[in-house]
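In structure tokens below, several structures.
The same chain A turns up in both complexes below, where it pairs with chain B and then with chain C.
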Partner chain A sequence: MKPSLITDHPFGEDYAKRLGVAPWRGHLPGPKVEEWRFTPLRSLAKIAFVPATADIDVDVIPRNVPKVPGAVRLVLVNGVYRKDLSDTDLGKGVELSHGKVAAKEGSSLVALNAAYAPASLALHVNGKAKKIIHIISIGAAGPTPTALHPRITLTAEAGASVTLVESHVGLPGEAYFSNPVASITVGEGASVRRYVSVDEDSEDFHLATSLVKVAGGGTYEGFHLGLGGALTRQEIRVALTGENANVRLNGAYALTGTSHHDITTVIDHTLPNCTSNQIFKGVVDGESHAVYQGRIHVARDAQKTNAQLVHKALFLSRGPQVDCKPELEIYADDVQCAHGAATGEIDPNHLFYLAARGIDPETARSLLVEGFLADGVNEIGDEAVREIFGAAIGGWLKRRQA
Partner chain B sequence: MAVTRETAATVRDIEQYKYGFVTDIESDMAPKGLSEDTIRFISAKKGEPEWMLEWRLKAYRYWLTLSDEEPTWAKLQFPKIDYQASYYYAAPKQTPKLGSLDEVDPKLLETYKKLGIPLLEQQMLAGVAVDAVFDSVSVATTYKKKLEEMGVIFSPISEAVHKHPELVKKYLGSVVPYSDNFYATLNSAVFTDGSFVYIPKGLRCPMELSTYFRINEKNTGQFERTLIIADEGSYVSYLEGCTAPQRDENQLHAAVVELIALDDAEIKYSTVQNWYPGDADGKGGIFNFVTKRGACRGKNSKIMWTQVETGSSITWKYPSCILQGDNSVGEFYSVAITNNRQQADTGTKMIHLGKNTRSKIISKGISAGRADNTYRGLVRIGAKADGARNYTQCDSLLIGDKCGAHTIPYIETRNPTAQTEHEATTSKISDDQLFYCLQRGMTQEEAVSLIVNGFCKEVLQTLPMEFAVEAQKLVGISLEGSVG
Partner chain C sequence: MALLEIENLHASVGGKEILKGITLALEPGEVHAIMGPNGTGKSTLSNVIAGREGYEVTKGNVWLDGKDVLAMAADARARAGIFLAFQYPVEIPGVTTSAFLKTALNAKRRAAGQPEIDAMELLKLVKAKTAVLGMPYDMIKRALNVGFSGGEKKRAEVLQMTMLEPIVAILDETDSGLDIDALKVVSEGVNSLRSPDRAFLVITHYQRLLDYIVPDHVHVMAGGKIVASGGKELALELEAEGYAKYLNAAA
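After this line comes the complex of A and B, so read on.
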């Protein structure tokens, strides 16, 4: 018998009580919190989610999880590491452990995660990891709406490098609320590439927080793909804690139905000579609602900062809503900072150009959408992953046409 | 040594606020603090009709329910304001009715002279009619007759309440309702005076209408209320310029400006704000909490806001446009300069409701010393605003390494056919540009003034000529002492 999540791990119900997070609904940020103004959680708070149990019977990995060539698969079901479904050989330089979850850091959602997360899936990278690490987080509610709190910790030592792919998917059943937290530490001169895909069912909730620290000379490359869910938020907070650190954070989303998708990024430049680049692009269809908030904070000491940010959204129909809030908060004078944002629909001239070459309107639109999102996807440094994510978008377009 | 002394003296002169003087005129003051009695006092002083008093009281009662909940979302820091420690009404004593300018208190006229508004001359000059507001009450209105003949109503709002109650009743509070925000509610309760403008159908107002506001009596919050209505097919350009005497205590200023443009009408509203910004340590200075909003009610209407904000220790100001009519246009041009310990949180809101509505936002923020300068703007495209178009450009310039420049735009789109564009950059004056100027014999300050003026050119160009000249000088003066 598998252990019950709440009673058997060291941070059980008592811990939740001590943190004051139970009942968890009282712990959700309200609409008056500025960072949540575009993403109200009313629909989430209406559902009585129960804490997840791991004893649900899962022995297959859902079909929409891509196969990353040569990657090591690590599987989480309802936030619990499942050795029986995972690969064991992580390759040289990577160690897996089950860390305790540090309490009380960050937002209320992170605290909620800390209170309920069974244990952290901790990866320790020392040296250059040969294999891509593919973490598959499966939400399985079964007959009752379920809340799950996956926790991932990645530490890349000085000079180390690793590529991580995360697939967040769900199994059929009742709705679930996934509240994953990823803590990532990039050591001096280290390089971490992390590609996250959220492809969940239209009734599922996903509020993810990524807390990234990049030390001097380190590089962090993140990509976040969003392809649905009832309400998805990917919040990425990056602190540059050493000089010459470099962040590239990109993403793409494609929404239909009544999906709500929120990307919130905060880049904190505290020291000189760091760079950050962000490109986020999305298409919206149906009655969906896309939110992008990007904040760049440049502290007084962070001279010679170069920070760029672009968000563009494309409307595919009448009905969606796009809210965008790029934000610059700058206290140093010798900096180059810029942000750009734009929304619009497909240019009829482009459609005409393709139609004149014998391409039917639907295919033409798909081509243009793919081309539009490619700006973001092309930023993915790993070629195999780039193709996989591109294919996922292609799949979304096909489903939309069908 | 002589040279050193001379330099020191020059620096002292520059540092002193040019317009910092106090005119000693007996004031007719309301009792200190805010209560229904104060409001009744203000209303009685102005001999207002019952409906006006009721409106004020309604606002006051609503204000009480806000229980001192000032908006805190702006990037501004200031001590808590004690609303009971202010005087809400102060009128210069004057003879009951003024027949001509000769009857105006000579001391008042003296003040205007120092400010550079020679009323007597201005009547003759350039066709500018000046409605001078001196501590809340308009004391002299010039060119009134000429405008009256054409059907233009340009008068203090207190007068309009009596003479044109139907217009005031219809439009007052229709763009900024009394419940709009904390400061607008306060203003609705205690507003003392301001300007009222009505341009009749099809008339192109032949002169720039202009008002100078002046804060004079110690501890007097100023609560102007301006209402401008441009009827179908009309055009008006309105100028507002401000200077204030030097004070140690913070002075509160909460004005409300409402603009209404009907079919095919156009309103151009320009402001140069140069209130006392406080000294180098941030002591004193004006708290400026202004609600300015225009409604493009009619089709093809246009509202254009231009502002040059150089003064005040705290600026909280978002001149906005509600684009209701089809094909209506809203424009916002802003230069905000903060130096020393000034803080400005300013921007605009463009609410697109009608079809083919267009808006353009050009904002230039310059931050020097230990100042903070924030652009905060909203572009909202409603679901029915087919073909709406927005272009936003926000540039910030940092001078020195102890100041801050922030850009916080909100872009909310609900219509697929709309196009929105937003661009923002932040940078400093490039060393190359400075070097180039210095090499050609300019002083550091002249060079900075020149470069900053170039940076702001797009905005300054939209000002009427009279203002543009003043504004260019202001840009230079505001930044004095910020470099080197």
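After this line comes the complex of A and C, so read on.
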């Protein structure tokens, strides 16, 4: 039995038993799981989160949600679709439905999502979508720490194309734990662009899983921005399931305070002539901790694979920690694969050049940080979104200075 | 009063003395040229005036229109009116030339209590200035100096100078890397800025530049000192005879 709305149930043994699932803490990957070695979940497990209620009084969209010109807004509050806050006209080529969450496959977090997700927000794209779809996922804990499990499904049929923007934000209140899962299927020759921004408050947890399948000749372009949260993980697993499929996966993060941000990507090349390109760039300040893990698996049959991966981090002070772990597992012989990783600090020659033009040190650093992240941000194919994400980084820098 | 007054300036790098007592006064409207062998301290002098870190001034003073330059941070010096056109402009990835120009211009305007320039005004200004310097306007969309050719970098330095309208401009080998036509265009850009309330310090290895930017004074620098000064004919003499006799004098 799965309730369509989860209300007022403690996240305890009884509730889990009734759902027929393991208690939630049992779903959390432990410290011995290799993929979670750099991102321990002790701080998360300490908090007694209760399942989210949908009827919490939310009638405004938080101010840090950007306005994407011409986009259709679809709003989830605590994982539940809120028609009253959403636009109704999706434009040509896109249909919306609320599917049951079926799949329990995948990691334990995906299973946790499947067990507790109220329903999936399912988008079906048939043809060229005219409007950008902007999904706004709002976490609203209210007076008790709350867990939410947004679920998004997107299916692009053969030859279809769509651009999706996701903003993950929160409202003031107790801490929440958002455990979103996105399942994306890119059909043959289809093209999906997906731009995700995670800008949670400093006490909130966000463990997101993206499961992407790209069929022959299909293209998936993903961008992941991370600007905050107590602990955020954006895990993106892409399976290239047909020949001539392409994935471009990029991202940027900017961390301060004690934020922990983890990007984990897994790209599976199973067939010949596919490409994958990744550029992730981040700046770290305060006592923050950034993790980047990028695994590229190239199967024996995946000849003529071209897979590239770059991660660069810029330290703004001596306090932060950065763990970077690129992994290439290559079983085909005729491939071009490379990874590059670097960390550094702001170049004093750059600072002097800007100073010699009258720019004060703080402004100069901001300019250089934005410039550093631009490499990643410039990969965003949609111009309007590129500007919006750039502006979000600018906002982060202003907050940091304030 | 001189616009820039350098008094008995001594500076060292890593314990090694490079500038060994430089004295120079740039009166309003004047152009001074400095010539001298490689490694003599010309760029060191410009860096010390502009406020680059890593140099230790052990003696002497620098005054800009009566203000104590050495007491100011590099960015404050620039806002006060010192401009250094770099011998080697640095490439700054990711920062567009336009964003950079806007930030630099507004820093100066704010300091002067003027309103900030808006995007449209900036566009117009840059359009006008790039046209004069024979630069493609599109260049300002590119990351600052990144992938610019040697000559393009030098033009970009002069573009910045014409936009920031300094009181004292130091041009460190701005002519090197410029083709024959660019040399003319850039010189015209500099000449158009010559005015009674501005002064220039032009560092060069080639007399040719001084045919276009005609100096009031020419100085020979060797071994960290000014070893000779004269009019523009001194440059012609150096071109013909080299530095040999001054090197002996400096040693």
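Rule of thumb we're sticking to: the second predicted complex is superposed on the first by the 381 of 402 C-alpha atoms of A that agree within 3 Å, B and C clash if a C-alpha of one lies under 4 Å from a C-alpha of the other, contacts with A are read in each partner's own complex, and residues count from 1 in each chain.
In this text, a residue touches a chain if its C-beta (ideal position, glycine included) is under 8 Å from a C-beta of that chain, and two chains touch if they have at least 3 such contacts.
All of these numbers come straight from a predicted model, not from anything done at the bench.
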### Query
Since both structures carry chain A, what do chain B and chain C do when superposed there: clash or fit?
fit
### Task
With the two complexes superposed on chain A, say which partner A:85 touches: chain B (first), chain C (second), both, or neither.
neither
### Message
By the touch definition at the top of the document, which applies to A:332: first (chain B), second (chain C), both, or neither?
### Response
first
### Query
So, A:119: does it touch chain B (first), chain C (second), both, or neither?
neither
### Query
Of the two partner chains, chain B (first) and chain C (second), which one does A:61 touch, if any: first, second, both, or neither?
neither
### Query
Which holds for A:313: it touches chain B only (first), chain C only (second), both, or neither?
first
### Query
When the two structures are laid over each other on chain A, which of chain B and chain C touches more residues of chain A?
B
### Message
Taking the superposition on A as described, I'd like to know which of chain B and chain C A:324 touches: first, second, both or neither.
### Response
first
### Partner chain in contact with A:47 - chain B first, chain C second, else both or neither
neither
#### Entry: Superposed model, angle subtended at chain A by chain C and chain B (C-alpha, nearest 10 degrees)
80
### Query
Quick one: smallest Cα-Cα gap between chain B and chain C in the superposed arrangement, Å?
17
### Summary
Listed in rising order, the residues of chain B that touch chain A in the complex are 73, 383, 396, 398-428
### Task
Would you tell me which residues of chain A are touching chain C in their complex?
347-350, 352-361, 363-364, 367-368, 370-375, 378
### Query
What residues of chain A sit close enough to touch chain B in their complex?
34, 300, 303, 313, 315-318, 320-345
### Summary
Within the complex, chain A is touched by chain C residues 50-53, 73-75, 78-79, 83-84, 86, 89-90, 92-95, 99-100, 103-104, 107-108, 111, 143, 160, 164
